[in-house]
């Protein structure tokens, strides 16, 4: 693992965002019921299209045309558990990029087992906070070509051979439920249009973090912050990115 | 099918809305987990009362006192699937009007099968976008007394013998998840107090579209738009309707 | 039951809120999918930490480190039904305080049966509206050391030997879905740090009601009210409480 701290410039981020807006990839989300609504709205604000089926009998059909798949383990249900192998099979057969969000994996042996199952697929991007990533470290170490995305005050994106860092965002992002979950969906949306997984993740998190900074300037608390964050994400352009990425 | 394009006037819309506000019909919603919260809030803003049970063992009891029933196929679960026949039986026995929202039916053979099951009940109102309505056309053609409500830039309401058109709304309505789903619930609320299904649908969509126009004038993006839409819907009165329906 | 109407002063409420903010108790919520997101955001605004697992195979593991447990019967699912005995066992073994929210119990024999099951645990706090509390009265009368919290225009908190009344809030609180459900989670958060269950409930409802009054002054309808309520709750301090509790 290189320790180089590379980072993207505004033009690279804007280029990936422009491809999302133009191609409008559908991101199929098997995600928790707490974050579903916010996740869908963030994807729409980004220019992507959400779909959310989880029924084991239809999830493969619905996901098969998606540009990326998100598996988020929060509020996993028995039916969601049965949907996971179907999604993995679709991802494998159709080479659809897959992002895993291991919510609270440190609290649940079941989630650890499911994460292990997901990580048998090569090339998965994992997005979690430091506690989650630590709890998943042993499982990830055996996975093939995994991209580790640890979000926090500084987001750290570690793949093969290089490390990217993203230093955008605002403390209010920890005061709204589901914002981490939604960031994983944005990573998936960028991955749908950008084959280099680390660049995709860095672009998504840079855009999200900058939208968070803008929203924090307008917010009077976590309730209004969430609303402004969606507005700011929908309104991002290259000039705004460039001005904030100095 | 007549090709006459009739439309309602503000007094007709206001009359139906006033009946909703006065009678406060309960709308029982078997709906997707992405849109549940927004759907409930739109119903409350409209003056109606939402209920959302889906457990097969209680759904009939909870729905039996409702003024209308909504079945929305988004994120349908195995338990929701088992709840559908119970809801159809209650609707049939108690003559409760039923609205079907066939979310993403074009992507899922399971949803097509479930929609077919629902449409064996006579007099169902179906509310979907053009893609969904097209995917469901064959099934609807065999249904008895179905009302087809196709929403889009212009909403088209087709029953027996007349067509109503509604030309209100705003492009931001496509940028917030669940707004289509919520519109189906408002159609159900109006249907609970108005026996003519096409007038009920037209009133709901006119009010919703006008609230959308008002919200768009206040919004800075899709996040604030959603909030203003709820406020605008709760604040609609006949004078506002009349001013916008010229 | 005494008929004394005691009430808290601002310093007592502020003291309980300060303990929540400092200890950041995790509140494990088995709650309905309509209110999950709002409930989690209210807990975060309060300084507490939400967790929401419901899968029968993980719910005990996730709940075991929580400071309080909430069981809310809205949209109860078959899997949620199976999670209830696991949560009761954890609560009993680890002496974790438990709050029950019997949503729409008057409409569902299944919910009445489940509430009865929960109330075999001693010391449960039940938070409901007048209709729900009436439907549950017979069951509660056989329960050991239950605290009855009936919310409405005036909230009434009845335990052994004294009655507390809270007269804060605003009519807009009835126009947003899930606000009652969220109040039960705040009661649970206070109970996690305050052994006297009635004081915990009174502190939570006083803070919530005052946040509602502040939000109502800023709102233009139920949509903006919900947002301002979260902001106001996050911004509450003792001076604000004292000024409103005169």
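Residue numbering begins at 1 within each chain, and the chains themselves are lettered A, B and C in the order written.
Just so we're on the same page, a residue touches a chain if its C-beta (ideal position, glycine included) is under 8 Å from a C-beta of that chain, and two chains touch if they have at least 3 such contacts.
These numbers were taken from a predicted model, which means no experiment stands behind them.
A.B. asks: Do subunit A and subunit C, two copies of one chain sequence, contact each other through the same residue numbers, with over half in common, or through different ones?
C.D. replies: Copies use mostly different positions to touch.
A.B. asks: Between 0 and 180 degrees and rounded to the nearest 5, what angle rotates subunit B's CA atoms onto those of subunit C?
C.D. replies: It is a rotation of 120 degrees, to the nearest 5.
A.B. asks: Starting from the mean Cα coordinates of subunit A and subunit C, work out the distance between those two points in Å.
C.D. replies: Centres of subunit A and subunit C (C-alpha means) sit 32 Å apart.
A.B. asks: Considering subunit B alone, which of its residues make contact with at least two other chains?
C.D. replies: 33, 37, 77, 226-227
A.B. asks: Show which residues of subunit A lie in contact with subunit C when the two form their complex.
C.D. replies: Residue positions touching the partner: 32-35, 37-38, 74-78, 81, 104, 107-111, 175-178, 219-224, 226-227.
A.B. asks: Would you pull the subunit A residues touching subunit B in the complex into a rising list?
C.D. replies: Residues 33, 36-37, 40-41, 44-45, 50-58, 61-62, 65, 77, 79, 226-232, 234-235.
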